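Chain nomenclature is as follows: A, B, C, D, E and F, assigned in order of appearance, with residue numbering initiated at 1 for each chain independently.
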Amino acid sequence: MSKRTPTLIGLPWDSNSSYLRGAAAAPPLIRQALFSPASNSWTESLIDISLPGNLSDAGDLTLPENDDALLLIEDGISRLARDRGLPLALGGDHAVTYPVLRALEPLHPRLNLLHIDAHPDLYAEFDGKRFSHACPFARILEEKLIDRLVQVGIRGMNGHQKTQAERFGVETIDMRSWAAGIRPRLEGPLYISIDLDGLDPAFAPGVSHREPGGLSVREVITLIQSLPGPIVGADIVEYNPTQDVSGLTAWVAAKLAKEVIARMLETNPQG
Amino acid sequence: MSKRTPTLIGLPWDSNSSYLRGAAAAPPLIRQALFSPASNSWTESLIDISLPGNLSDAGDLTLPENDDALLLIEDGISRLARDRGLPLALGGDHAVTYPVLRALEPLHPRLNLLHIDAHPDLYAEFDGKRFSHACPFARILEEKLIDRLVQVGIRGMNGHQKTQAERFGVETIDMRSWAAGIRPRLEGPLYISIDLDGLDPAFAPGVSHREPGGLSVREVITLIQSLPGPIVGADIVEYNPTQDVSGLTAWVAAKLAKEVIARMLETNPQG
Amino acid sequence: MSKRTPTLIGLPWDSNSSYLRGAAAAPPLIRQALFSPASNSWTESLIDISLPGNLSDAGDLTLPENDDALLLIEDGISRLARDRGLPLALGGDHAVTYPVLRALEPLHPRLNLLHIDAHPDLYAEFDGKRFSHACPFARILEEKLIDRLVQVGIRGMNGHQKTQAERFGVETIDMRSWAAGIRPRLEGPLYISIDLDGLDPAFAPGVSHREPGGLSVREVITLIQSLPGPIVGADIVEYNPTQDVSGLTAWVAAKLAKEVIARMLETNPQG
Amino acid sequence: MSKRTPTLIGLPWDSNSSYLRGAAAAPPLIRQALFSPASNSWTESLIDISLPGNLSDAGDLTLPENDDALLLIEDGISRLARDRGLPLALGGDHAVTYPVLRALEPLHPRLNLLHIDAHPDLYAEFDGKRFSHACPFARILEEKLIDRLVQVGIRGMNGHQKTQAERFGVETIDMRSWAAGIRPRLEGPLYISIDLDGLDPAFAPGVSHREPGGLSVREVITLIQSLPGPIVGADIVEYNPTQDVSGLTAWVAAKLAKEVIARMLETNPQG
Amino acid sequence: MSKRTPTLIGLPWDSNSSYLRGAAAAPPLIRQALFSPASNSWTESLIDISLPGNLSDAGDLTLPENDDALLLIEDGISRLARDRGLPLALGGDHAVTYPVLRALEPLHPRLNLLHIDAHPDLYAEFDGKRFSHACPFARILEEKLIDRLVQVGIRGMNGHQKTQAERFGVETIDMRSWAAGIRPRLEGPLYISIDLDGLDPAFAPGVSHREPGGLSVREVITLIQSLPGPIVGADIVEYNPTQDVSGLTAWVAAKLAKEVIARMLETNPQG
Amino acid sequence: MSKRTPTLIGLPWDSNSSYLRGAAAAPPLIRQALFSPASNSWTESLIDISLPGNLSDAGDLTLPENDDALLLIEDGISRLARDRGLPLALGGDHAVTYPVLRALEPLHPRLNLLHIDAHPDLYAEFDGKRFSHACPFARILEEKLIDRLVQVGIRGMNGHQKTQAERFGVETIDMRSWAAGIRPRLEGPLYISIDLDGLDPAFAPGVSHREPGGLSVREVITLIQSLPGPIVGADIVEYNPTQDVSGLTAWVAAKLAKEVIARMLETNPQG
């Protein structure tokens, strides 16, 4: 049986962002940082992602300015997964995670999800939109696309979302718990969804919703490197270049992408 | 007896800044971030600060370019406190803390002060000015406006200020002690004075005196959330928008303000 | 015997940078921050570096756009060391460290080196250049200019450099080890080489190669303050002002310089 | 009869901004640039504005987050004008101009207004607000507070506002006409209202609505210097520090303020 | 006969950029500015581009990291033009113009081209690449895809390109000629290719090759508004968001797009 | 007789800056832009400055933090000029122009000087310093080092400097005159001194004293290209990288340097 290959796929879609747009422009900038001569192609565990078979690129999907994009994302990811790709989706905003999970559910009926974010994104709807970037995990849980949802980095919870979290049995490790030393216990198969605003904006200023008091890049890397496998998919979302005055956040997205790829390669049966 | 309400009051005054001006422009920018739709109105302990009675706003004082401002600040805070407000002053530079404490002393003859800052601000005078932003805690201690002064985040001590600190019995937890795990032991009633340069400038670049090697936002939040009460007043000072290239520091000030408000509500008798 | 004095010497040379130039412009900007009235002249251990005998300045060397610069640096540092200066070299890029060590070897035949960096800089050659800023520690180890090389902050290792590290017996504390609590054990005499990209780019954005996931400023300061002596020389390199949108990195370089000077004064026999 | 003195008055109010807030923070930053030691106190026509009698400062008004601010502005300007001040209002957004003109109308029943802006600000209402910053000149013309309205720099006209302009007899010199060499013919008494977005955003990036293709700073200065008198009042509005990444726009606002002051002094009977 | 509609089409391709990449990320950011509520939907000639039939959007093409992209662009534009669209291509770098012109040639065998740029882009090859962004007009002229090439804004000519320009009969209005008042005389049918670095980088900093001394935004708008018709296609290329620290250039690209759309509508037979 | 060669010489000195330091860091950054692959090596008049004999580089002088630097600059320029170099000095602040002129006076007893600047720099002294960057032209005229001083771009004149200008017979073309179409009439031999703040800060934000309302880059280039010869020396000063948020000003300095070199080559007898 042939090996499954981590595969980049750009989802340049931010039509359902609630406050600022811009995340749709992220994929080429993350790719540029990932392949820049400023760095090299080796992960921290000394895997060379430029070797054949270690990384593919499915390009960016062409997505319209309406919710038809949800179906197109679901189709694109389904195709990629059927072709034995391990999708590493580059957002776009967080609204893309719901159709990605819909595409993966048939292949991975038992799936746990590690969600790194400042916000729970559990709204029943937001500004009248059910597919807003504030809602994907409500949709995912309603449709039972995953078994467990573990959220890390949360510091923008509110009453409504707290009710939703309790209703769906979401396991929340908010920043107060994180600062007290609580860490998630996870088992695979696992999907990782990284909203860059889970990081403190000192580390990742290029996001639409800057919520100070978040994770450091090293904390997120350590968490990724500690995950059990298999990692069957991941996304890195909400990089908003219009807010990235110093250009730093593209490098952060690329670094996290590289370590996710490493962990995919380490935890999936090869050959 | 009616409940005391956390109340914003802007003190747009930087006439006694020693190096750069700009802090006077801070209050509207902090308010803008605090009430921005980019975030929601709930604190980390799940208090909704938009609920009636949880937060008032007394506007900004009109302050002249001379030391008459000190009396106007003292009067303004006195009035606010008499009206059962718990003042959360938004600077302006650190020179505003002295008149705020003068206003609170009659109501709180026994008061401890937690001071977060890179600098002790204990100069007997600076550039010939007794009310410079480098001097407020010397004035406060000379007039015995507080019982204990505990300083956290210090990394710009010098000989003169060391002598002052010893003379006044200041309890200093400098960054070396902090990095070694030392934390303050405090009891209420308590006033919190947060100079944003106590944070590392990676987290809060928009300050007049950038001193690398400071606290993270999360460390300050954890400290605030751990404080005993009652918290009877607070200030957040030295936000200088002219140095805030990425606009990040306004969000940091607003986040700290929100958590201070939460702690005020939690530690003051309600109803 | 007269006392050895920490002495600034600027090495404005970046001809052998591989990706971006700009580091040659660093020395005057670091000096400007070090002596700025925004801060004071005292270290965290309360030494006043403005006192006579605590700090000298040998100015900047005039260096050509070719490898003749290597000899000129070696000569300049030799002269400075003979005059009883403890060199604190301000880069320039990392290529300057090799000639500095050549100059120090005759005076310090037994020398250990603490190297803080995101990258091992151990390439046998890079882009066909043996004196590239990616190669200095290969040269230093080939010529046995030091006894031990201990690297901290590494997160850009690759296969070739891993082989080099093993061949030369380099002791690597990469960021994964650092995050797990590993710290270097060092003894003097000691040379410190600080590449600012060892810091996370949130703390030091002004570098040519931004590699997220690095050290905080406080972590580096704590490490410096813990070093045994005598510290016989140091460099702070790779500050690239063209990438320092917010101007923050100059302050970081100056802060680290001040703490290195403090540690030099504390660990060298005085008078 | 005593001389009328140009007088700064800050109107830190942006509650009725339609797209971005931030203009409320402008007044202290404009003052800081105006009095900065980076420049001197002489105008281009060699008047020293630091001489007694050449410039007063009435401070900033304290304004609430609702339309009561309109009355407070009207009152504040009335008082200032009665005290023989020539108001130079520092916004705040453009909504402040309407109450300023209401205050001036009793003193200057015949008044012409030169309006420099990218937009006509003639909406009958905007987002349901009649006092939006998009509407002030509709209000001013409805109440016949001025005789002539001459607009310069316009490049964001639309159908509704065109209708309004025709209905009110507004004289529009849009950027196409300006580029073709058309200049306004004005006579006094004159009020000048400068929205900084009338300038090209290359010259004044710190505005809420960046509309490329506008005036240069020199073009605006030449226009101001050519105006007949008497200049009986002026405002400089819509400086939004949150958009002013390089800090340039504060200097532009201050420069224009200085030249307006010069023209006020030159065109008003002295002594 | 149905009317031809100006139609946006994104060409997110910068694989053949010679110095910096990033232009591939431009299309969503230009669209965001074009449809932002910060402005309105009317052109300077008072056409509302939001009215049905005035503007379509064909989305972004999906393009690979190799020269196959050239064929895909040619196909995409051919299809768009067959569907009666007037293509307004949003780059990507300047390499996209060659395949766009290949697509248009069959429909417009007689076509003149107005090229606004700092550089002639006439290299026979660059870095060994014939389809580099430095070469498109050599390819276009070799294949006789146009009748006349008129270049405006040139200030980076060199010997080789001068020879090419003479060989192909290119009409060059360099900045020295422009500053002396020379303007192009054009007749339709006309294609407009706007490289944003034709503008002075004060107006458009977000480009890969900043060449000071260029055109103002107003000069380019005046030129566009003066063009004879019919305008049968256009591109706006080389917007590089990674260099656009202040975010200004996205607004400039959108403004120019709006005026090009206006001129397309005015110069093409309607209905 | 051998040909005189335009020769770069860096003067990294800003010890006598009155408001902000930083200009000392300019020379390597200007060189980096001048030789960057982002542009090519040809001037607008199609001279290739990379050809042998068209440009030399004498490196940077090593200069101390006191007025001894003045003598070292004079000596360095004297040596360069004796070696048949045509000095193109890269500041540093404007204080360097006085010693440059002292060095040139013996070779060019009849010399006219074109001075582009926002400020006349004619103070008799400033902050008690006779060699401040605010004073060089007073020194130059007192010592009769030149015949005529023609100043262009002035918009920061004041009373004292007006008196000085009249006393020394300075010919001032301030921005009001420039905007009215006045241009200088000059004859050679000629020295050109370009303070980058003569440009509008939209074009050159990286200066210590931003004075809006200045020249465009194209206006300065047109002026340089129109100058009679021979051009016997020049300086480009006051580039302050710490204020150059977008990095634009380094490119402007390099562009002006290239055109000055072109004019030197065109106006000096060759071979």
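Please note the rule applied: a contact is a pair of C-beta atoms (placed from the backbone, for glycine too) under 8 Å apart; a residue touches a chain by one contact, two chains touch by 3 or more.
These numbers come from a predicted model, not from an experiment.
In this entry, A-C is the pair from C-F, A-E or A-C that repeats the interface of D-F, since more than half of their contact pairs coincide by residue number. Subunit B and subunit D, compared by their mean Cα positions, are separated by 35 Å.
For the pair subunit A and subunit F, the distance between mean C-alpha positions equals 53 Å.
Among the residues of subunit E, those touching two or more other chains are numbered 200, 202, 216, 245-247.
Touching pairs of chains, sorted by label, consist of A-B, A-C, A-E, B-C, B-D, C-F, D-E, D-F, E-F. Across the complex, subunit D meets subunit F through its residues 37-42, 44, 46, 48, 200, 202-203, 216-218, 221-222, 225, 245-248, 251-252, 255-256. Taken together, the subunit C residues at the contact with subunit A in this complex read 18-20, 155-159, 162, 174-176, 179, 200-202, 205, 208-214, 216, 245-246.
By the touch criterion given at the top, residues 12, 14, 21-22, 24-29, 32, 57, 59-65, 241-242, 245, 247, 250 of subunit C touch subunit F in their complex.
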